[in-house]
Every structure is written in structure tokens, then in C-alpha cells.
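Letters A, B and C name the chains as they come in the text, with residue numbers starting at 1 for each one.
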Amino acid sequence: MAILEVEDLVSGYSEVMILNGVSIHCGDNEIVSIIGPNGAGKSTLMKSIFGLISVKQGSVAFDGRSIIGMRPNQLVKLGMSYVPQEKNVFPSLTVEENLQMGAFIRNDDLTGSMDRVFELFPFIADKRKSVSGTLSGGGRQMLALGRALMLEPRLLLLDEPSAGLAPLVRDEIFEKVMEIQQSGVAILMVEQNAKKALGMSDRGYVLVMGKNRYEDTGEALLANPEVGRLYLGGA
Amino acid sequence: MDLSGLFSYFVFFLVIVSVYGLLSLGLNIQWGYTKLFNIGIAGFFAVGAYTSAILTTPPAMDRVGGFNMPFLPALVIAVLLSGFIAFLIGIPTLKLKEDYLAIATIGIAETIRLFFNNEAWLANGVRGVSGIPRPFQHYITFNYNLFYLLLMVVFVIGVYLAIEKALKSPWGRVLKAIGEDETVTQAMGKNIIRYKMESLVLGSMIMGMAGSLYAHFIQFISPEVFVPMSATFLVWVMLIAGGSGSNKGALLGALVIWGLWSLTDLITNVVPVDYAVKAGAFRVIAIAIFLEVILLVRPQGILGEKSVMKAAKKQEQE
Amino acid sequence: MLQLIANGIIFGSIIALGAIGLTMVYGILKFANFAHGDTMSLGAYLALLFLSLQVPFPIAVVLAIAVSIAVAILIDHYLYRFFRTTGPIILLIASVGVALFLRNVILLFWGPDLTYYSRAIHLDFEVIPGISMNSYEIGIIIVTAALIVLVHLFLKKTRIGKAMRASSDNMDLAEVVGIDTRRVIIWTWSVGTALAVFGGIMLGLENGLRPPMGWQLLLPLFAAAILGGIGQPYGAMVGGLIIGIAQEVSTGFISTAYKPAVAFIIMILVLLIRPQGIFGGSKRWI
């Protein structure tokens, strides 16, 4: 069963529509990648799903229930978390405080969840009292992922988790994403690193000019010569 | 009031409207087109007025000047000096976020007022400067106020036409573009700070001109005149009510708001003295509420272009 | 000189209390609130009102704070809220209107004359050699110090305090992570207004009450906030003290009438030399 179902989505900014009928879905515990050229509307799709820009047409359902018109602080309660493409940590807060903010809606003790995050990301565990603005790019990305896990979501939306990272750090992040998925979280991920992303995904979509052009398993998309030529940077 | 009394009241009223019309036109260049937030109008108005007062009065014992200078050269100096002070204010603030200009302009206006208030050697301090000569008085054989009104109308129309013409030039188009969408204009490769500076200076020069013309008409000025309420806030209400971004709106706003303001003044004058302060307070409360209602209900003003608000909205979203 | 510095600390405490609220509103709601000085006056006069109803002083302070917070939140709800998407300048204009509104409401109810909380005379005594103060002034310094510690604990230890710092960093992200930003806004007004009312009452104790008392403090408040790095409460505290001391010390050399001008000149110098303020630069709160 699909945890997320997006159908014929039309949305954009004030008068300009960026998405013109996007349909995607993400199954329980699936890892799904969305790739596509710059400006295709990938981030816009993520923001529309997460209620940050208003949807003009189409439907978005989480767990079979429409979530159109819901604010982010309602969506996190349902079990969905989102890590934006950039500026995804609070730079003046410490690592620990950032994680606490991820669990703002919770009143109970956070130590359990926090320990789990630190277990997954030992790198930031050592820096729990440091101000997050001083972290490296990789550290910040780990913190952003960790923050999104604080409410133990069932679906994680990731917008280019590997952007701007050195190859080694990038691979580490991808490994962590896999680990998160294996722990039972469905993942919908936008990536520029298309080959790598499709390689680890159950399924993938190619988004072009506000529409999903191709949809297939990760392997099949990688093997598709047309997709390869146009969107994966040649053979 | 008999008919001739009514007539002279009306002439007086229109002269003051013209003064405010100039202030409002000056502010429109700054805010209406380039989104520069000047809340130190009173300061530039004061500089214009005091410069003219000091330059044109006959020599006085207890203060600087006067220099017996003729009206027009003094006016030119007053205008230039206002522009120069605007230039100085622009240097530290124009490259920063818009709010800093607001804070700095209110600071300079307050400092200027304190300066004239306390430096008696310069302009008689709180007692103010009196006996400011009326220009061309000897040549005028008819009602002088009527003549002055005609003079004001010439200045207002002159400034209005000059601004309209300037705005149609390439320079003016860039100015408008900055107000509409700063990032786009920057992308066009224009030096935004230079254009903003020109807009700030030009607008303040017109405010200085208004100050000079006011001083020559009333013939007496004191720091009291240049408090933020009457000299700055009312002008803002005029421009916003009339429609920022429209020069006709700026003038219409001056007429309508000064009309309302004078009307409420008449009411204040008929209540017993004991209530005068309260009535005065009530008047300001009313105008403050009026401003908020315009902002909420018709932010583009009576004659304003809708796009001004849209541009502001768009900028916010980016 | 020592005495002037002591006076500066007293006055600087009052400025600091006002500037913290100003800078918080700037940091979170992103606009320069020109009505903040008049909020201080409102609080001071409300305390006067409750005192005249024979309410004991501490309770009068609490009531003044409660009513002022209610007023601030109502104004936000019925006015500022609608301008959040139209950009900071419309908010600024609206706040100038609110400033005039508040000041004239005060004028309407209490009249223009100087009034005092009490007629009692508090004698100065020598606290340490060279510095004399009266008991009010010692109280002002102690209460300010206590409030600053409380604000610090609030921002550092409480969930909502941390959420306020987070929102000041990045309001959009705060929304994304699930912070209830509407609650953050209400808390921002509450904390800022409470501190402003404390400052206003202290100003009333020190100088008596006049309707324009808060408006006239606006320039020093902004100077303090900018000096400390706008958006940063800790900066505002230090900025307030520096401005207060500079203003008082200046009276040793120039007319006291120029106090606001001193604040203004410091502000211009800061804008020229280090516009992000002494504590700015890394966009941090500390």
C-alpha cells in the first residue's frame, strides 16, 4: 500500500505554475528517487507535498487520507518529516537544541530519540554542545537528517541530501539514508546525483518541465538508454 | 465669518496645502518610486526653512545672520543644503536593509530639531526666528496671500512637471524599476545605490524647498513647527492615502488630508479650552486609525497603482 | 565622572530592557517596531492607574504588564498579522501609526503634565565613595540584573525560548520542523512587552511620567539594538548599557538636551564601521 500518493498535482508560486500534473507514489518502506534537470520543479514538488506552497489542483494523500491544506506542524504529527534543500539547520542553536526543535511538538523525555540519532550519526554526537553553524557541510546534513528523525516519522522527504558534499561524505550520507530506510522509514528523495540515487532506490521518477516523464524501477531507469543520455550525463 | 474672511481663510488653507503638496511630492520620489523609507521629513523641512530664515532676515544681534539675502538665492541654498544632508545620511544607510534608513532619518530629524532648539546663537533657540521677509512684497498691490498662493502654485506645478518628465526619461524608468523589483534591476546591471542616493537627495531637496517657502509665508519659525507629528507623519498619511507612486495622488492626498486635519482643528477650537488637549489627542488618534484602515483596506491609496503593493509582496516571497 | 557612569548604568538598564524587546521583535517578526517606546509609556501609565486604585506596587506592576501584553497581542492580531506577507516597511509604517495611537490615548486619559508615582522623596546616599544613588536607583539596577538573568535562562533552557531563537534564525525552517510559530510570535510579544513595561515603570520612577517619555527613548533603543547587533538580545543588553553610559557621560561636556543626539551619533558610527553590530557577524544570539 502506498504511504504517499500524489495525483495530477498542479502548483507553483503566485501566478506561475511550476508543476503541471505530477503523479507519483511511494510505498510503505520504499525508497523512491526523483531526478530531473535544474529548475524542473523537484523542490517545488517537495514543498507542495509538505504544505509550504498551496496546491492549485490535484490530490495529495498520506496513508490514504488527503493532506491538502494541512500545515507542516500538523503533518509532522501524522508522521511525515521534510529536510529542505538548503538552510536546513538553525545555525545559532547547538546540535542538541536543533534536535530538540525537531521534536517541538513532543512534551515527553527526548533522551531515547536523541540517543538513537546520535547512534546513527556518531559524528554529531561528539559535537552535541557545539553551535551548529560551526559544523561542516556533512555535519550539517547529518544534523538535518537527525532532526527529521526526532519524531520517528514513517515518511521522510529529502531534498538533495548530498548537494555540495565531498564524494566521501556524500557516500556516507547515502549509506545513512539506506540505514534509515532499513529501520522502517519510507523515503522520497530528490537527487542531482542521479546514478547513485537510482542505484539505491526501489523506484524512480524523472521530472521534466513540471511533469513526470519516466517512471520505473531504479535499475530499469539506469538501464534506459534515453534516460541515460538525457539525464544521467551520457553513457 | 463673512465672505471675505472665508475667502482669505481659503487662500491661506490652499497655501498650506501647496506646502504639504511639495513635501508629499518629495516623499513620493523617495518612497513611491524607490521604496526609501524617510521618516525624517521634518528635518529636511526644517533645514530648508531655517536656511532661508537665517539668510534673508536683516542682521540680528543675538544670533547668526541675518544676511538680507534676496529670496531666490536663499531658496537655492536652502534646497542644496537639504540635499547635502540627505546625501550624508544616505552614505551609511543606503547599502543596508531598508529599516536602517528609517531609523537614521528619524534620528537626523530629531537631532536637527534639538540643535535649533538649544543653539540660541544660531537661530534664537525655542523663541524661533521672526520677521522673515515676504518675497516681492513691494511689487504686490493686491492681496499678498493670493499672490503667494499663485507663487506656490507655480512652484508645485513646476516641480510636478519636472518630476513627471524625469520619470519618463531612462533615469526615471530605472528609478521606478528599483521600487518594483530591486533584484531584477540589480541583475540589469544598474548601480542601485547610486540611483537610491539620487532619489533620496532629490526628494529631500524638494522638502527643503517646501520648508523655505513655508518660512517666507508664515514669516516666523520655531523648533515647535518641526515636530514629527505635523511635519512628518501627516505627510506620510497624505502620500499613502493619495496613492504612493502617483504624483497626482501625492497632491490629492495633501489636499484631502490637510482638509480633514483642518476640519478637525476647527472642531478642536470650538470646544472649551479645558478639553483642547484632549480634543487634540483625539484628532491624532483618529488620523492614526485612519492610516491603519487605509493600509488594511486600500493600501494602494486613492490614486495609487496596485502594482506597488504587489511588488512589495513579491519581494517578500523571494 | 564616576557618578556620571553610575547614572549611565541606571539609564542604560532602562534602555537595555527596552532594547531587548525591540531586538526580539526584529529578529522574529522582522520589522523595526516604532511603537515599542510607546509600549513602555503605556506600561508606565497603566502602573500609575493601578496604583491610584490602591493596588500594592508589585501587583500594580504585574497588572500593568498583563494589560500591556494583551494590548500588544491584540494589535498584532488585528493589524500586524495582515502585513506579514507585504514586507517589513508596511509593518514599520503601521507601527508608527500604533505609536501615535498609544501616545495620544495616554494623553487623552492622563493629560500632558508631568506626574509621579509617589510624592515621597528618596534621598541619595553614598553607595561607594564617589557614587551616590537613591533606593529606587539601586532597585532599578538589581531588578534589571535579575531580569537579564531570567531572559537568559528563558532563551537557553525553555523549549519556547529555544524555539524563539530558532525562529529568529530561520522562520521558514521553524515552520518546517513543526514549531508552532504562532505560539512563538505570541511569546515574543509577551516577553518583549513585559521587559518594556519594566523599563517604562523604571523610567517613571526615575524621571516621572510624561506621555512622550517612551517615544523620546526610541532613538537610544534603536541605537542600543543596532550597536548590539539587531536581532540579538544579548547584544541589546550590552548595547543598552553602552548607550546609557555614553549619554550620561556626554552631559559632562555638552548640554543634556543632546542625549538623544549622542545615541544617534553612536548609531551612525556603528552603521558606518560595523553595521552588523558588535555582536553580529555570525548571525548568532550570543
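In the analysis below, a contact is a pair of C-beta atoms (placed from the backbone, for glycine too) under 8 Å apart; a residue touches a chain by one contact, two chains touch by 3 or more.
Everything numeric here is computed off the predicted structure, so don't read it as measured data.
Of all the chains shown, the one with its CA centroid nearest the global CA centroid is C. Taking each chain's centre as the mean of its CA atoms, A is the chain most distant from chain C. Taking the mean of the C-alpha atoms as each chain's centre, chain B and chain C sit 30 Å apart. Inter-chain spacing, taken between the CA centroids of chain A and chain B, is 54 Å. One simple way to say how far apart two chains are is to compare their mean CA positions; for chain A and chain C this gives 42 Å.
For chain B, residues touching at least two other chains, in rising order: 317. Contacts from chain A toward chain C in the complex involve residues 50, 52, 71-73, 75-77, 82, 84, 87-93, 97-98, 100-102, 104-105, 131, 133, 147-148, 151. For chain C in complex with chain B, the residues that touch the partner chain are 26, 31-32, 34, 79, 82-83, 85-90, 92-94, 96-98, 100-101, 103-105, 107-108, 111-112, 218-219, 222, 226, 255, 257-258, 260-261, 263-265, 267-268, 271-272, 275. Note for the complex: chain C touches chain A at residues 159, 162-163, 165-166, 168-170, 172-181, 282-286. Listing the residues of chain B that touch chain C in their complex gives 35, 37, 39, 91-93, 96-100, 102-104, 106-108, 110-111, 114-115, 117-118, 229, 233, 236, 240, 277-278, 280-282, 284-285, 287-289, 291-292, 295-296, 299, 309, 312-313, 315-317.
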